[in-house]
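In the two assemblies presented below, chain A is common to both, partnered first by chain B and then by chain C.
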Partner chain A sequence: MRLNKDDRVIHPFWVMVYKEVSDQVRSWRFIILAGLMILTCTGSLYTSISNLSKIVKPDTAGNHLFFLKLFTSSNGTLPPFHVFIAFIGPLIGISLGFDAINSEQNGRTLSRIMAQPVHRDYLINAKFVASLIVISAMFLALNLLVIGVGTLTTGIPPTFEAFIRILAFLILSIVYVAFWLNLSILFSVRFRQAATSALTCVAIWIFFSVFYQIIVKLIAAAIVPQPGAAPTSQIISAEKWILGISRIMPGQLFSDATTTILVPSVRSLGPLTVEQVYGALPAPLPFGQSLLLVWPEVTGLIAATVICFAISYRLFMKREIRSR
Partner chain B sequence: MCTRLFGTCYLCFLLFTGAAAISFSANAQQDTSHHGNAQAVELYSPYTSISVTPGQTINYSISIINHSNSTKNVGLEADGIPRNWTHTLKSGGFDISRISVLPKKQENASLQLMVPLRVNRGYYHFTVRAGGYTTLPLTVIVSKQGTYKTDFSTAQANLEGASSTTFTFNAKLVNETADTALYALESQAPPGWMVAFKVNYSNQVASVNVAPNQTENITITVNAPDQVKAGTYQIPVFATTGSTTAGLNLSVVITGSYAMELSTPTGLLSSHITAGGEKDIALVVKNTGSAPLKNISLSSQTPADWSVAFSPAKIDEIEPGATSQVTAEVKASKEAIAGDYATTLTATTPETSSHTDFRISVRTSMLWGWIGVIIILLALLSVYYLFRKYGRR
Partner chain C sequence: MDAANLPQERQPVIELVGLTKKYGDVTAVDHLNLKINRGEIFGLLGPNGAGKSTTILMMLGLTEPASGFANVCGINATVYPVEVKEKVGYLPDNVGFYDDMTGLENLVYVGQLNRLSKTKATEKAKQLIERVGMTNAAGKKTGKYSRGMIQRLGLADVLIKDPEVIILDEPTLGIDPRGVKEFLELIVKLSREEGLTVLLSSHHLQQVQQVCDRVGLFVKGKLIAEGDISTLSAELFSKEPFVIEAGVNNEIAVNGHTDSAGYLKDLLLKMDGVTSVDYKKNILKIYCARDMSAEIAKKLVESNIGLNSLSRKEYGLDDIYQKYFENEEVA
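Right after this comes the complex of A and B.
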């Protein structure tokens, strides 16, 4: 236990979190990841700012939210910021968590920690909380960087609603990365070798980001009839099936959610019938409605993250940790 | 005795002869003008007796013909013209009093004679005198009794139109007096009516100056009040000087206008609705025309699968300026997506219609939001359960 200046006793759990955070930020792995994030962030920020004058047209609805275009617009050379997060987020989560438990075990430090008068679950909780703090700090810094540079170049501060939406995007990104973090912690508990755990995580990541999409396209080609060959209701129900299948992907959930949060004019994620579009006015949705629209996706992401954590927690608590 | 008689006789003789001599000499003089000097100068005009109306101007063309072999310098004058008639004698563009005529030639002169307005009916004789040579007797017959007044008239004193029309009357103001007159133009229109006088396409005027025997064209524009009821309205207008007054009675027939306005009591034309839900919108139909509106039916143009029910479905009658309350119950489609939809509500009568565009924001039902919250709570509860079961080991 440590005492700080005020002679206040710091809870041993936070001592462990503190240690984990300092280990994380001093590791080469984190420095490389942070450098990668800053590079991609700068790149997408540059393309969106250079493209901003072409995108923002006068007298169109939702111009008070033009600040969000910094996150979503691109001139085609680089993907926009939120797509970058969707792509690199899993990598950060995996790399921060894939050796959380098994490296301690292989380094024979696990039994030493357990020899200390702390509860066993403090270890896995501290690992998770420390990584979450690191991720949150990094994303918060990146988002504030975008807001700051955007305000500096355009001279217009974000409106309150734009700021709320950026905050929601930040929380969504943290939850999304936390999902991959928990998945990698799960594998680090399950597999004794760090390499196996890392490869399994990367395999799942690549499966979802590449192969699963191909499978979805194959299924779509098989079950969605050609337009005109079947009644509209049948085509729509098939399209909804395909959407449902593709939403097993956490990446799909994240991109659906962020697109709706950052592009207020998105009013629906599924296929729309002519009846639904008739009479609709092109106007941005209020933030509450956008959030309600993607609430299932947000629920899915949060629930998947929590469930991954619950499984890894149970696995860790029930296993034999004495060194061989 | 005898000498007295003789003397008396002689005196009588002298008197007789004197008178005879005078009469003779007068005759001789007439003879010379007709026969002697008539050979020298002759006056000629084709129209020696003319019938005119008061106020008319006569132009006599008079030829002065020299029959002699020497140049004659002739004095010309008109004699016996009534005092208030004006006349001028002109030749070659000049006012003349004498004229010279070459041997065996003729000159032309014109006598312009203005018959005044205030003149009695009858025969007027006068002569044109060529000094010492000859005279030309002329006769003017004034065919009717002359007047001394102002004439204010229009060809079309009755116009018809809706209350929004600008009625334009073209009137003539004739000053049939001897003096230039300043007429004050005024109207006795009913309250709320706007009457404007314009002269020669100028701006609005309040008075006009008219020279004697001249005509001024006056444009009178009349604007009815917006809320005027249908009917016939008399608008007397007057041109007044200190001595004379001329009036003109204009009449305007208002047919009545049909106009109405569909809005809400607050003027707010947007509303919120939950997908699949219902919403009551209070509407106000106002008759902004001047004729009563009857059988007003209400209809709507909505997005697909939406419906609007009006209560009451039909308004029997709204008086001009009056309003009527209607409640529209909007029912949104269950399939409606979040965001704004346009709905047009229309009030229609056989004569006119009014439509209002509503912007209705659809909000998603909170039901699935709460279900999502419950799912997240369940996941967190499972973690809490694990903490309780395995923690503190």
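Right after this comes the complex of A and C.
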């Protein structure tokens, strides 16, 4: 006789994850975020489809990957899908995590849950895993929807490579959102007030997406010599410096990585000299090569995520669980 | 039979040895030694900030002691918190539930965290909700519960894991007087039925003395006195364990004496066993070494004053408390 699923003993960690997922999915904030994502999706899909006939020219190399254009092209009225994700991703991550721990504290449930026979890290891990599941499900659904709508409107299904690249893009987006999620969980451990933690996250997001770029441009203007005014090697090394500085920004890592994955003709993320490009065939890179190219970016993103998680983990584990 | 008088060879359920906690320069709990026996209801009493909650947190491994250790059911709580928490139910002060879940759902969740299947947890939660008298509110979201209802649900929440020990931190805080009485009775009833050891902390002395087998008086991180209430009062009021209060008429006129109060005092002080006499607002307070109610009554009646009432006062925790602070000030 098969056991009813309710008769099974589920490991407490997964009990917590189930609860967190159902909390997230039922909350207003998730509905709003999902609405926002659907709007983004339809908006960028509309602009790219209306633009598709202009970009895709017959008999050019890489037409077997034309499907990716759905994600990257735009008629200029709205940014393409992957840029939109780079912009909205942080918002999703922040809003799913900014009150993870402090809401338990303020609702006075933290000490009650911590008095149950579970390890203390279960709570913070469960919150992270649950939000990650929610994000992954949402992104997977959206990406599959884009593929579906694209196939229906163009009448051409994606090739296997295009599909793999879209999948890689999906994983990248999840890692990127996971970074912001962890950052916001960190602040939810650090700050008692949910509003403070949300505001701090948003401040960091705005700093990186607006001000940091300005700062990088200022530095660039100061250290990169005019072409012709200095030897090429010096210009290249200065450019590399600028690139290095801008790559502290997680958004930059993400857009570098997604561009390479979704636009297979991108061959390098740094400066290329004419000598280096000379003789190269104007063909898209194979997927493996693109992946190799973005490997440092992906590692960087994962590292940033792990660092945030490690700090919040340590803060939470060392903390005294008071009921007030 | 009083639980405190159980055979001594039994292993104590809670054993605190040299337990110390420091926050910076402040010592919140100072070399605390305490043993609580199985089946006992122990009251941890003390003013706010005495270190009661900190002590409880250390017993559950929710904070680390600076030195010393806390053994609960024979397990070191700092090293094996999860094992301790399997056996100990803890109701934090000012407990909260997930507001958007019903009372039943909240309990089932906790039951599942204690490794019960959903079916079992639901069954058990329903039983407990009935036992704490909350059947009508089980399907209501806890966000709409009153303070008293939350405390009752909290008690069910603590019991769902079949604990050996329950620790209640300020369980009567914020409940109205009638609710307090009912709630304390519920605690006593449930703990006697299940043979539980109960540790409850409070700063409200009157309430706790009704239910506790034994109390510990906790001030500034130190346990200053410990025992059942009669032992405690004997300890602190060793010179004058009995107080007799006599209500007398407005105008004391005894045989034409002008200072009749003074005359009465002298009269009473001459009796063997009376240590001191206070007169305030028509009430004579007579402190004596033994129970002298009968003799005093006789004396007062003979002296021809209008005696309205005579009662022997028993020391409650309030007086014990008061006495301690008086001693403190003198020192």
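The definition used in the following text is that the second predicted complex is superposed on the first by the 317 of 324 C-alpha atoms of A that agree within 3 Å, B and C clash if a C-alpha of one lies under 4 Å from a C-alpha of the other, contacts with A are read in each partner's own complex, and residues count from 1 in each chain.
Just so it is clear, contacts are C-beta pairs under 8 Å (C-beta built on N, C-alpha and C of every residue); 3 or more make two chains touch, one makes a residue touch a chain.
A quick note: this is a predicted structure, and the numbers were derived from the prediction, not measured.
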Partners on chain A (chain B, chain C) - clash or fit: fit
Partner chain in contact with A:H119 - chain B first, chain C second, else both or neither: both
Partner chain(s) touched by A:Y176 [first = chain B, second = chain C, both, neither]: neither
Chain B versus chain C as contact partner of A:I307, first or second or both or neither: first
Which of chain B and chain C A:R108 touches, first, second, both or neither: second
Which of chain B and chain C A:M317 touches, first, second, both or neither: first
Spatial angle chain C-chain A-chain B, Cα centroids [nearest 10 degrees]: 160
First, second, both or neither for A:K19, with chain B first and chain C second: second
Contacts of A:V9 with chain B and chain C, given as first, second, both or neither: second
Overlay on shared chain A, then closest C-alpha pair between chain B and chain C (Å): 5
Chain B and chain C contact sites that coincide on chain A, given as residue numbers: 119-120
Chain C to chain A touching residues, read off their complex: 53, 57, 60, 62-63, 81-83, 85-86, 88-100, 109-110, 112-120, 122, 154, 157, 161, 169
Contact footprint of chain B on chain A as seen in their complex: 119-121, 267-268, 272-276, 278-281, 283, 285, 289, 292-293, 295-296, 298-299, 302-303, 306-307, 309-310, 313-314, 317-318
Touching residues on chain B, where the partner in the complex is chain A: 302-306, 333, 335-343, 359, 363-364, 366, 368-369, 372-373, 375-376, 379-380, 382-383, 386-387, 390-393
Chain C-touching residues of chain A, taken from the complex the two chains share: 4, 6-10, 12, 15-16, 19, 23, 26, 107-109, 111-120, 320-324
